[in-house]
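In what follows, subunit A forms one complex with subunit B and a second complex with subunit C.
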Partner chain A sequence: MFKKLSILSILIVAALYLLLFSSLLFFLNEPTRVDGNRIAYSIFLSVSTAAVSTIFSMIVALPSAYALSRYNFFGKTIVDALLELPLVVSPLALGAIVLLFFDNPIGKWLAAHGITPIFQISGIIVAQFITIVGVAIRMIKQAFDSVPRYYENVARSLGANSFQSFRTVVIPLAKKGILASFMVCFAKSIGEFGATLMIAGSMPFKTETIPIGIFLSLSTANISRAVWLIIILILIGLTSLIASRYIIR
Partner chain B sequence: MIELNKITLKRGDFVLNQISFNIKKGEIYLLLGDSGSGKTTILELISGFIKPDSGKIIMNDNDIVRLSPDKRNITYLPQNMSLFPHLSIVNNILYGIKMQGISLDRHYYDMLISRLEIADILEDYPEHISGGQTQRAALARAMIVKPKLLLLDEPFSALHPSLRYELEDLLKSIAQEFNLTILAVSHDIDEALHLSDVISFLHNGEIIQTAKRNEIYFRPRTAEVAKFFGIKNLFDGKITNADEDRLKIETVFGSINVRRTYREKGIQTEENIVWGIHSDEVRIIRKEHKEVRLNRISGTISRVFPRGQHWNISLLCGAAMLNITIPDFIYKRLHISKKDKINIELPEERIFIIMRPPANKQIYRKLKLG
Partner chain C sequence: MRITSIVFLMFFAVSSYAKTLLIYVGVTSKPPVQKLIAIYHKRTGSEINAVYGGSGTLLSQMILTKKGDIYMPASPDFMKLAERESVVFKGNIKKIAYLVPSLIVPRDNPKNIHSYKDLAKPGIKIVIANPETVPIGVYTAEIIDKSLNKTERLKIRENIINYAGSAAKTAAAVILHQADAAFEWKVYSYWRPELIKAININKFIRRISYISAGISSFTKNRKEALRFLNFLSSETSKKMFERYHIMTNLHEVYKSINKKVIAGGSYKLPENWLTE
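Coming up: the complex of A and B.
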């Protein structure tokens, strides 16, 4: 009985999503006001900034996750909790924090020396980075946790230094988890909206990512454009998630 | 070759207390003890994965306590042998050579591969080879870097006994052939007695006894060691006479004679001791045997039950119970059964004496009553 109920509940959720997605099809007959170049720019901007922010987050996440997985250090519990903040705090608030940071004396000094992401493409990368880096660290930490410590011990006793054992044993054994984390972070970056809006703004042909494009299209009642952008976003996201499932398997 | 000198480590409630021992080149040294006694921790200390609170680890006249694991030339093999699953067997074996950037001794490599009989599996991955092949490949990987010391953590405990004996024999012969120095840890008495030259018995983070394998088995120094080796025949006694080569002890079975060894050098008359004997060292005297023997005791069989290829007999001698183990073929010849009266002999050279520290009093009483 419980088995049937549990399967029914997941089927209802899936049906709900399908109903929502299929409702988009009704609007494809709307008079076409789709600017191909603008959509292409949004796709290119989203994919390229997401790729850069995901690579940055991986560079930071690999050593950070290893430290959290293997070492005990002062303040570890607090650091661990901080990493979960982006999961519970609204991206809009995170973006607002960055915006306000560049209004404080340090931020103003940085801006005066040309270092500011506000209303810049680099702002999109910053926005995506701050929302995904915590997720990347958490996912990679789980991958490292699943690599038994004794493999590293054996590697060390055979003459590998700590970086060699990390590179030749830990990374290959955690490879699937790391790749899955990359795909999830990439998909999440492409879909990032709140922090991007706060930091980079919503300027067509400059900071208009796919989600910003959806927002701008709806605000100007260009439904068909919004629908096409949503479909593109869903396709990229779904492809990434399915790919990550295959990688883990 | 390697010497541990008063190594102390405290981790929460667990304490390794003043661990000292010395392993000679070419020796197979074994740390024996229950789970949680500190065996694996000692291996991790010697490997360099953890640092002691105090004490020294001297290898070839140098203290290596502060040296990182990759600089020690001590190879560690954990219980499951830990072949890297993402590397083929040949790449597993050559891993240490690549990491250390040393050139491969082709002759030595070929000799190892042929001696360990793993030529056929070199291109395979660890998940596709058997348990025995895993052990052989792991041994090759550990030996290819020519370590000064090989550390084995419960090396063959997960294997079927027949395969285990085969691999233990192989390890012993290879150790001799290549003059390997090995420190192994185990909780398995058979493995310890079969594999090692010298055994240290570890209990609650302390070494209780270190001796050659026969001595520790036949002459345990404390009740903990005796209990670990499954000795149930432990009894109180009082020395009534102490000659140069023989001791007389007043026991619950009457007066018995014991051959005196170097260990009982300082023993005095009137001293309270604990004495014991392995159940398979107690000899049953056949009825037709009329010859007068030392340490002859009579008793009534209260229980007989089979245990593998042996029979265990509980013999009630007055107020005390003596445990006897005899092989199946002897049991069949003796035609004995419950409630039979039999005579037994306690060979004087097989009785061991445990000096009695006050702290162990409780254990002895418990064992005697049990």
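Coming up: the complex of A and C.
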């Protein structure tokens, strides 16, 4: 009985999502030439910036997650909590923090020397990075936790140094978790909105990512363009999530 | 006794619901309108819920939600659009106050911007309001399109780093030093004189805007909406707008810019504006 009820519950949730998604089809019209160009630009911008920010987050997350998984150090608990902060603080607030940082003396000095992401494409990458890096570290740490230390100790006893054992033993064994983390972070980057709006702005043909495009389309009651962008966002997100599940298997 | 109380409470709930209005207000009118809502509530007991934002964004929200009792954009461009889309009833639109476009810079003006033409200098960061959804954005686009030759125009366009979602966000970009200059309604320079100042661009002003209000075709309470609309165009309201330096007398506006220009009208954004 409980089994049937639980399956029914998940089917109802899935049906609800399908119902919501299918309602989009009622508003689907052929986009105008200008709309088509804007949509194409938004897709290109979102995919390319998400790829860059995900790669950056992986570069930072791999050693950070390893440190959290394997070592004890002073302030570990606080650092661990700090890394999770982007998961609980709204992206809009994170974006506002970056904005305000560039209005303080350090930020102003950086901006005076040409280092500022404000209203730039680099701002999209910064926005995506700060919202996904915590997720990346968390997911990769879990993957590292699942690799028994015993294998590393064997490698070390055979002459490998700590980096060699990390590269040749831990990484290959945690490969699936790392790839899944990459896919999830990529999907999350593509969907990032609040921090992007604050840091990079919302200029068509410059910083108009897919979510920003949806926001601007609804602001001008251009339902058709909004629906196209929503469908594209769903397709990219679903593909990434399904791919990550297959990788984990 | 208990049934009587329930019926009384239900009647009270229904009658108070009927006296609640939802109004959509262009963000520049927010300071005086907030005060006016409080005065109106004190006088009549009616609840007024206001949504503030870019006039175009608000219009889209009304079209999408099919809700609202009064629409109050910062320019007639959007009121005409609202009439065309049958979002407001025609023939009952009240002019409330006037807005003059200007250029604002940070108080310390670090990039030494003293005239409109300085905006074409390399490295100047300009923020303008989104010309698709914000009235001052439409006026900005018109000034840029009509005032200079193509080379200067393109140089200014190259220096635009962002489109802000409302007049308030446009001013915030200058206050937060994200931009060296922004096109903005002049009133903003009176509101934050310690942070921003206005640069005279009167020579380039083609037309001035006016704030107007009209009853939404989605209203469920036209009588109450009309009552509040009349209040918005009353002497009390005018005094409140004047208190916030938003002029309500057209002659005073002309005197302040030393010339007579069209009050209102409209400007159609060229199709290639976004891609040029």
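The rule is short, and it goes like this: the second predicted complex is superposed on the first by the 243 of 249 C-alpha atoms of A that agree within 3 Å, B and C clash if a C-alpha of one lies under 4 Å from a C-alpha of the other, contacts with A are read in each partner's own complex, and residues count from 1 in each chain.
As a convention for this text, a contact is a pair of C-beta atoms (placed from the backbone, for glycine too) under 8 Å apart; a residue touches a chain by one contact, two chains touch by 3 or more.
Note that the structure is a prediction, hence the values are computed from the model and not measured.
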Which of subunit B and subunit C A:Ile118 touches, first, second, both or neither: second
Partner chain(s) touched by A:Asn161 [first = subunit B, second = subunit C, both, neither]: first
Which of subunit B and subunit C A:Leu218 touches, first, second, both or neither: second
Which superposed partner A:Val169 touches (first subunit B, second subunit C, both, neither): first
Partner chain in contact with A:Tyr150 - subunit B first, subunit C second, else both or neither: first
Partner chain(s) touched by A:Gly201 [first = subunit B, second = subunit C, both, neither]: second
Which superposed partner A:Leu82 touches (first subunit B, second subunit C, both, neither): neither
More subunit A residues in contact [subunit B versus subunit C]: C
Residues of subunit A contacting subunit B in one complex and subunit C in the other: none
Complex contact set, residues of subunit B against subunit A: 44, 47-49, 68-70, 72-78, 80, 82, 84-86, 95-96, 99-100, 141-142, 145, 151
Complex interface listing, subunit A residues touching subunit C: 34, 37-38, 99-100, 102-103, 108, 111, 118-120, 201-205, 207, 216, 218-221, 223
List of subunit C residues in touch with subunit A within their complex: 54, 56-57, 59-60, 63-64, 125, 127, 130, 132-133, 160-165, 176-178, 271, 274-275
Contact set on subunit A toward subunit B in their complex: 148, 150-151, 153-162, 164, 168-169, 172-173, 175
